[in-house]
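Following this line, the structures themselves.
You will see two complexes here that share subunit A, one where it goes with subunit B and one where it goes with subunit C.
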Partner chain A sequence: MPDQLIFAMEVFLNGLMAGVLYALVALGFVLIYKASGIFNYSQGVMALFAALTLVGIMEGRVPFAHLINATFGTEIHHFGWHLPALAAILLTMGVMVVLAWAVNKLIFNHLVNQEPIILFMATIGLAYFMEGFGDVMWGADIKKLDVGLPQGINTAIDEITYGWFGYGFFIDNLDIVATIIAALLVIALVMFSQYTKQGRAMRAVADDHQAALSVGISLNFIWIMVWSLAGFVALVAGIMWGTKMGVQFSLSLIALKALPVLMLGGFTSIPGAIVGGLIIGVGEKLFEFAIGPMIGGATENWFAYVLALIFLVFRPQGLFGEKIIERV
Partner chain B sequence: MFYREAGDFKTSYVEDSQTFPIKFDRYRYYFVLVCAFAVVPFVINDYWVNAIFMPFLIYSIAAIGLNILVGYCGQVSLGTGGFMAVGAYGCYKLMTAFPDVSIFFHIIAAGGITALVGVLFGLPSLRIKGFYLAVATLAAQFFLVWLFNRVPWFYNYSASGQISAPERTIFGIEVTGANTEAWATYLFCLVFTVASAIVARNLTRGAQGRKWMAIRDMDIAAEIIGVDPLKAKLSAFAVSSFFVGISGALFFAVYLGAVEVGEAFGINKSFLVLFMVIIGGLGSIFGSFAGAAFLVLLPVLLKNVLVAGLGWPTDLAAHLEFMIVGALIIAFLIAEPHGLAQLWRVMKEKLRLWPFPH
Partner chain C sequence: MLDATDEGYVTSDGRKIGDVLMEMKNITLRFGGVKAITDISFDIRQGEIRAIIGPNGAGKSSMLNVISGFYVPQEGEVWYKGQKRPQMKPFQVAQLGIARTFQNIALFEGMTVLDNVMTGRLNYMKTNLFQQALWKGKAEEEETKNREVVEKVIDFLEIQSIRKTPVSRLPYGLKKRVELARALAAEPSLLLLDEPMAGMNVEEKEDMSRFVLDVNDEFGTTIALIEHDMGVVMDLSDRVVVMDYGKKIGDGTPDEIRNNQAVIDAYLGVAHD
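What follows is the complex of A and B.
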């Protein structure tokens, strides 16, 4: 087999893995957009905030230490404990639920019935706020996140492919774990929305707010639940990306990676987010591999958008989006 | 008492259809113009121009441009930063290719180039609507920034990858380069800002503006009453990009002097201009100015209060600034979703009846 083809296969596999991570972020968008029609730009920052909080709780950092030290001239940084990962994850989940409650109570309850663009702008404002808030609360330094996920090259795959092609594929263990967790997460989400009472209520709200209200579903509760779910998804995405590249500001930029995934898959479809993520992940890696070196490289920044744009021209609602019907 | 239509008789069509039909409004407008042209240049210094006046004037043009697209034509765009970059690089290429032509024409031509690019990226708007379009315009943002970063022809193969404005003069007075006077750059930008505002105001209250607004309110209905969506949407993209391109050219050539594209025209710039438009008020030229003023002044104010006033470390202040800006935007959207322009409108309604509200 020619070398180029083998490399391309490796790139393809890595693209699939990257796509899963994009899809994880896109999932959070879809959940909120479906249930409340809010296009939540702050999803990426939520992932960053979740990861920051997780690290902070695990390492026993004092929240707002920087602010307290600056105001009172003290020198406090750590409580001096280390929590096990699982406990910290549960506590962080609690924080995300509180956040979901606060966001709904303080912001979106006051913006009922506003135009979508106003809601969208509010989420950008929220993103700005949380970016600053996360840094003020936990400090802006780059943190290492280690919850015990395996990392590094997967030797089994390396050896097997070496036996087949005479060239060992480099697949990161973390990517494999991420894929499995993402798959479990999606299955869990689908089961939840299909087979539980709250899940059915959520789908009812997504279908028609007023009809849902009239059969006694509390919109408030559903929205808080949906934002908490999105917070949970953000936490999972934050753990994966945070383990991969450290918890830092650039983590919030993964939201920008998830947007073309959404466009491609449709804003309202969970399977769409997964399939879109895979297509974008594979597409941008292969494009960078095949065409990138010829035109200057670093095409990953825009290729996903252009791909989604071209795709949308032919199918304006995305792959799995609801058909857009317009009436006068 | 002063703000009345009563007793102000119009005897010709020209008078009847002027921009400011109310006498008080008109005089206030002349007063502001006279102040801006004849008083401010004599009293400002470098700090005021660089920290407040120039960003305000330049962002106003960008906000007017984006307001035409988002506020009047209803096509949400997140590609403003990319289009400003087109204006900046277009201006740079023209300035270096034709050093003898006045920079005034370079900036206009840079606007023209941006209009063409804008039309190109506006084409999908005929098929894609709403948030899909908003995200699609991000393609313009990322692609254009990448293009100016990676293709050396655009930055004339300079080693740093930056572009820097050569020295150019208007009537023998330097407006770009290192040795400019504060008042000269201020006046130069002011001319563009006032001209843009007048052109935009008259476009939006004329036939073209009505077509845009019809498309914004419901494009299918507009099509049925005879508005060609192709022409209306693409002309909105063209006009909007023209203004945005001019502001990008001014931002680069007159204000910063040297830019690195990812830093100066990144995605944050797109959001910043969109914030200006939303906070100022969608579909209002005055709102564009108000929004630009608000978001230019706010960081300056916060920095002065937090760092100079309270003596906090700069990095902490920077984070707090993020929090405060975010919170203020949300608070603003909750309190007045139609922006500062709506507050102004309410105030004018009150003024008309004052001091006898019944």
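What follows is the complex of A and C.
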């Protein structure tokens, strides 16, 4: 087999793994958008916020330490404990539920029946608020996150591919684990929405608010629930990214890649978010590999957006999105 | 005017109508400058079929929306089962056992008929998430019970053949029937129907009339319905409230309404003063 093709296969696999993370963030968008019609720009920042909170809780950092020390002239930074990863993750999930409740109580309950663009603007405000809030709460330094996930080259794959092609693929263990966890998460979400009372209610709300109310579903409860779920998804994405590159503010920018993913996959489709994420992940890696060197590289910054734009022109509702027909 | 004493009354076909189930007291509802309902009072008694009629824009749907919590009246009180009902959200009213259909149909278009009807049972699903995930027995028992009720309703309304059909593919008349099925699945103590026969052909109307009567007869469900077709109203209902321009202009048995001069004027379009 020609070398170029073998390299391309490796790039393809790595693209798939990168795509999984895009898909995760896109999934959070879809959940909230379907249930409430809110396009949640802050989904990426939620991943950052979740990861920051997780590090803070795990390492026993004192929240608002900077503020407290500056005000009272103290020098406290740590509570002096170190929590096991699982406990910290559970606590962080709790924080995400509280965040979901607060976002609905303090923002969206006051914006019922507002235009979608107003709701969208609110989420932009929320994104920057959370970014700043996370900063003040936990400090702006880059934090190492280690919840015990395996990292480094997967030697088994390296050896097998070496045996086949005489060239060992470099696949990161973390990417493999991320893929498995993401798959489990998606399966769990689908089971939840299909087979539980709350899942049914969630689908009902996504379909028709008026009808949902008439069968006794509290919209508010469902909205808090989907924001919590989106928060959990964000946490998973935040853990993966944070483990890879440290928890830092650029996280929320990478998460914006979910936008082209959504344009591709459609805003209302969970399979669309997944497939869209994979296409973008693979597409940008392959493009960089094949075309990048000819045009000076760094194509990953823009490729996803251009691909989405081209796609948008030909299929505005996305791959799996419902056809948008204006009701008259 | 029919003498509805506290003990109820007996209908012309011999059914015994009981206590007051719901009472609207001096309801006034405004939308900005528009007065949709002006100081209206009436009651709905246990076991009766109560019609609300009136010309377009009279405020009938608004009244149903007040009962079901979708609209909040500026003035007046709603009494239910002998108690003053605090201001409630629509989902809370539904949980009280008041089910409804909508004038312009509100179904879950993306779901099948069966799933739509099943949502009517959501209030009866009491097991929590952990039980549903871990303790299969209890949750399954509940699911089976709910399924039984749903299947019964589906049989009752003769929609077995479309159980698995996505609602979006159904013609209008059947959608109305599915919406009724969803409301019935909740086993409501009060059923509110906003123009259940609007837009139907004669045959469909006859079917729907029969279903309304049968529901009332077999399950003893109290029904309040809005309808424009006078023939249907006169056939179905025990008592009728007539609205016009947000005001109540008549209240009584079909016979009394037929001979009520104010009602006749309203329907013949006699100029308002």
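Rule of thumb we're sticking to: the second predicted complex is superposed on the first by the 326 of 328 C-alpha atoms of A that agree within 3 Å, B and C clash if a C-alpha of one lies under 4 Å from a C-alpha of the other, contacts with A are read in each partner's own complex, and residues count from 1 in each chain.
The rule is short, and it goes like this: contacts are C-beta pairs under 8 Å (C-beta built on N, C-alpha and C of every residue); 3 or more make two chains touch, one makes a residue touch a chain.
Everything quoted here is computed from the prediction, not taken from an experiment.
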Clash or fit (per the criteria above) of subunit B with subunit C on subunit A: fit
Partner chain in contact with A:Phe129 - subunit B first, subunit C second, else both or neither: first
Which of subunit B and subunit C A:Trp302 touches, first, second, both or neither: first
First, second, both or neither for A:Ala140, with subunit B first and subunit C second: first
Partner chain(s) touched by A:Met294 [first = subunit B, second = subunit C, both, neither]: neither
A:Leu219 touches, of subunit B and subunit C: first, second, both or neither? second
First (subunit B), second (subunit C), both or neither touched by A:Lys197: second
Superposition-derived angle with apex at the Cα centre of subunit A and sides reaching subunit B and subunit C, degrees in steps of 10: 90
Overlay on shared chain A, then closest C-alpha pair between subunit B and subunit C (Å): 17
Touching both subunit B and subunit C, residues of subunit A: none
Residue numbers on subunit C that touch subunit A, as the complex places them: 68, 70, 89-92, 94-95, 99-100, 102, 106-111, 115, 118-120, 122-123, 125, 127, 129, 132-133, 182-183, 186
Subunit B contact footprint on subunit A (complex, rising order): 39, 66-67, 70, 107, 110-111, 114-118, 120-122, 124-133, 135-136, 140, 256, 259-260, 262-263, 267, 295-299, 301-302, 305-306, 308-309, 312-313, 316-318, 324, 326-328
Contact footprint of subunit C on subunit A as seen in their complex: 195-198, 200-201, 203-204, 206-208, 210-219
Subunit A partner contacts - residues on subunit B that touch it in the complex: 70, 76, 124, 127-132, 134-136, 138-139, 142-143, 145-146, 149-151, 218, 220-221, 224, 267, 271, 274-275, 278, 282, 312-313, 315-316, 319-330, 333-334, 337
